[in-house]
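You will see two complexes here that share subunit A, one where it goes with subunit B and one where it goes with subunit C.
What follows is the complex of A and B.
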């Protein structure tokens, strides 16, 4: 087999995964953002159903009382459907009797039909209660009957004698499925919470990145570089742990450290410090908590990248500085740090993207609280579409939130291509066939 | 190099700084272990007795009518192993094609790989949730595995490609000169060369699957295919019991495979994490 054929064969499984779980979701996020999909509308097309709630909505939209009562009570009709129901309750004899006497007739009210039934003097309907029950079987109402298409509902409305001018409004109100809309974007721009989420995200990404992923990461990498091997290994292991531990366990440790009966509160109590929940006592506590929790994990990433970059610095450079009598600080300042420019750029570029989209540790620790003080953009998308307390999940609105991140993510990761030495990657395979 | 580093320089100020910085983490690690086998009076930080009570979940259900820890561990094991196996096998072939085979569009695919590698997958979760519903795979372990595999693939292919890139061309040239086709060369000559990479990727993606929390939470929230991560998060978030010692014991049980694997493969993992994972 030729190598390009083998190549495509080898790539196919990966390509299928990419199409279904990357390309399709990117496109669908954009599509869903223009819909009002939610738990209430369902994700497939809906039907047409007039309910009590629809009537209330319609009266708010100016439908006349006469039409409304017509919708709720479209009169009584002695038809085969009603007769079949009657036969099931009262027996075939009575059904045949009624069909012969009243078949095909219509009555405006229950009272009129009951009177007609009484006049039949059938032994089965001697009691008023039975007559009422029998009459109810012939009631025709548009309410609570599900129609699959708009035309089916229109026919029903015509049959009930509802003026044609009102049909469109009723059909629109009766639609149970989702529809296309621009409302999500209007909401996004008008809600004050949007600005709050954006600002929260900015603060969260900037502080975590600068203080921990880069700052602490560099400090740890340089400090462990100068230590003898055994102690360096111990500190690296301590700081590497948070990355390897499952997030649920890692956050549990922080919760135990900070909750109002936890380590911090108990350790500080003898010094007269009030017992508080150090994670959720105030907005500031929550902010410190989520930046610490994310930052410690981020610092390990920086530490690993920077440590291997420092190792790659030619030893002669460091020796020369040493011989010249440079202090350790001067060595760091003038030899190591200038060599860290690219690694820092890499960590910044890479971690900006992942911090921008990440909300796992926030969800597990503060849950965005207190209030929505620490709610970041990615978490707002998650909550709106997949996990809110109200129970009605707003898929369309959530997708609109997500779309913003998808666009930023796509643009930044395309830019990211430039960071890489792409030409080196493209080195031509050396075997021709 | 080692000689000059330690030369007439005092280490203790540096060590003091690092100890101060690391202290909170060490406190958490230490108490994470000792709290699972001791009792501590309320409001104190000093344990006053030994107990195995916190480990009672090993022999019975965690809560009335709840699943046993063993069935949860079983689900998690299935989830993590399937993820690891599929990620590794798909990466194994795709990375070879990208690293070594001359085919049209190779540059495009490589560029795509870098973009996907950097792309924050969590942002797709809303759409993926709906797509799984359309596919009928919502609330199944299969669905979560497929999504997890897809999200891990760019990283897996990237790592595997690195291993293939370092295999000397001469090995393949020799095979091709002997008249074997590229598939045979790959299977018999190249695969043995990348076995360390294969092992590293298996371990890494197993750990990643074992620790995964968001995907099972969103894509399989019902009770049946629940994994340890979502169950543990559920009982921690449940206000009815705030038994941190029990949580800690359960989470040690949960993290045990991770810790064991970490202790054995420490070096390998440090390298692969440095290869540019997310988070």
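What follows is the complex of A and C.
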């Protein structure tokens, strides 16, 4: 029992890390995905504000024209509040004058009130601009006035004579904070760009994985296995460099290589090749660039895993193959490769997951361009939620993108775990019978 | 096929591991390369297989010099200590592998595999994977794979070292049976003298990269060339006593063993006495105390401390009743002792 507790004690840091860095973000992502949170709504709730946009929304939702025009038309009322404001701006004399002439009267529009003011022939209001300003002090419309609670807005609506039956609808539309919604998922399914992101992600993951992370990794591992030891070590170290380089520097070097005044363009110019931006000239250029950039980094991981797996093959097995008459190629084909099944599966599984979630090299190189030709799912999530051009960050929509990735990733991990059957990977010690 | 090594020299960097080794193996003969670890026996084997480069000298298969031919083109079969079976292939695929890489026809391959599997008695295991076989069965598969394409030479690198004692005996005679049935020229590398003596036509005893003596097992046992050979062969091993010779041959403690004869005047000698030549009622009696007793069932092995001049081993039929601490007066059969100079030469 005591030992159990010590065991848990030792596990605690790992558990805390899992909770903070995995479970918590996943739960928050899941929660956000069902909201319409954005920069506009904020994340802490909001107030009630009827705007022109609200009116447009409301008309779409079938609010009667009469109520709409009631809401839209600014109502003007000469009351003590307005008079006090007027006195502060134009002086008590005018305020007294207006109170005497117009006190308690209502006007439907600014124009009517302005006409009434002009008819007063007051010296303070000779200029149209002044009259407009004075009139605005008596505006008592519900439009563009922020209320902290729903009840405050309801009172205001009642005061403005809006029918009580319409209040709930208006209040709902006027709410500026976030609310629960399934709309993100509907959007996800209906937007054509979603399909594009999914296809892009598939292209990105599949090509990088097959060509580089597994393909080139395997090739390098086998090649370095047959090289003399010192040159093999140097060769592997070189291929490892991109991985230890800071990604920003690494991508900068690629850009320097590929932009329209860069190395490639300059080197080819004397041969009459037109100077183009080799990275962004077309979506094909962009894809080649992205897969190269990711692949050159990714290949070293597979290379290391595969190289150690090859080293674990007993030397005598290759000797036997050699004596059995197998050429180098036949040794690779019949002896080495069949025994690489598990490492290949492992690298495939591991790299699928990391590629699905990664977009840093794409962001730094093509930035998803040209257009959104190379924008992948994870990057779409990032852009939508945290870094979009419009400036309205859609946390909820972004979280929905991310949630899909989380689900795919989790399902894949579980499948891989099951498929790997780690128990079977651990060979039992064999005692000679 | 006759195999000849002429002046075979192998260096690793600046270290010469094998220096100008000569060896001839007759057609159909089985020869053992016997020696302790590091004596160069496996290196020699790998050079014959082509797995190690030959630095100098010739390796002749029949009349063909293969010293600089690649292993793929040498046509040798090799059996490794750890079997070296391809773990992902079935037994049948393992055996067929040498044929498969040569592109033989499937029907032909199948026939040969069945034939050889029958020879090494694993016909019913063909569909298993190596991991499902016992050590002895794996070694049979390895043997079949080595033999399936009728190699010029069969090379066996410590093939029995990984097996337990009982299986080792069984596989030992199996290897010999198969070798005799196929009539193949074979080289067995081993550090186990019992293995070498029991199944080989001749033994080449190696030391420090050279061959010390080549002889038939019985001849080598009876007539070792030097102290090293004498000490290597025999189980339980030979015992050595310091001695000197004036007119009589005397042990270091002073006890006389009779007239010195041709040895007269050599004041430093080493006598080699095998356990079977020391015991009650043999030759000159010497006083001693039994200090160790091993019961082997049919026989008992004794170690006897002679008064002041070393230990001897004796092997006697069980039931002598002699115990540790008993004073004994056993003798040495002087007709069968070996006399060596202090530097190990046979005199």
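Basically, the second predicted complex is superposed on the first by the 311 of 433 C-alpha atoms of A that agree within 3 Å, B and C clash if a C-alpha of one lies under 4 Å from a C-alpha of the other, contacts with A are read in each partner's own complex, and residues count from 1 in each chain.
Rule of thumb we're sticking to: a contact is a pair of C-beta atoms (placed from the backbone, for glycine too) under 8 Å apart; a residue touches a chain by one contact, two chains touch by 3 or more.
Please read all numbers here as calculations on a predicted model, not as lab measurements.
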**Request:** Determine, under the contact definition given at the top, whether A:345 touches first (subunit B), second (subunit C), both, or neither.
**Result:** neither
**Item:** Touched partner set for A:273, first subunit B, second subunit C, both or neither
**Value:** neither
**Prompt:** Touch check for A:314: first (subunit B), second (subunit C), both, or neither?
**Reply:** second
**Message:** With both complexes overlaid on chain A, does A:326 touch subunit B (first), subunit C (second), both or neither?
**Reply:** second
**Message:** With both complexes superposed on chain A, which partner does A:261 reach: first (subunit B), second (subunit C), both or neither?
**Reply:** first
**Asked** Touching A:210 in the superposition: subunit B (first), subunit C (second), both, neither?
**Response** neither
**Message:** From the superposed pair, tell me which subunit A residues show up as contacts to subunit B and also as contacts to subunit C.
**Reply:** 319, 322, 430, 432-433
**Item:** Interfacial residue positions of subunit A with respect to subunit C in the complex
**Value:** 314, 316-317, 319-327, 330, 334-335, 338-339, 341, 430, 432-433
**Prompt:** Which positions of subunit B touch subunit A when the two form their complex?
**Reply:** 1-2, 4-7, 9, 11, 14-15, 17-18, 21-22, 24-29, 31-32, 35, 42-45, 90-91, 93-94, 96-98, 100-104, 106-107, 109-112, 114-131, 133-134, 146-147, 149-151, 153, 157, 169, 172-173, 176, 181-183, 186, 207, 210-211, 213-214, 218, 229, 232-233, 236, 242, 244, 247-248, 251, 254-255, 258, 262, 266, 269-270, 273-274, 276-279
**Message:** Quick check on the complex: what are the subunit C residues that touch subunit A?
**Reply:** 46, 49-51, 71-74, 76-78, 80-82, 84, 86-89, 97-98, 100-102, 131, 134-135, 145, 149, 162-164, 167
**Complete:** subunit A residues touching subunit B in their complex are 1, 3-4, 6-11, 13-14, 17-18, 20-22, 24-26, 28-29, 32, 37, 43, 216, 219-220, 223-229, 231, 235-249, 252-257, 261-263, 266-267, 269, 275, 296-298, 300-301, 304-305, 308, 315, 318-319, 322, 328, 349-350, 353-354, 356-360, 363-364, 378, 381-382, 385-387, 395, 398-399, 402, 405-406, 409-410, 412-414, 416-417, 420, 422, 425-426, 428-433
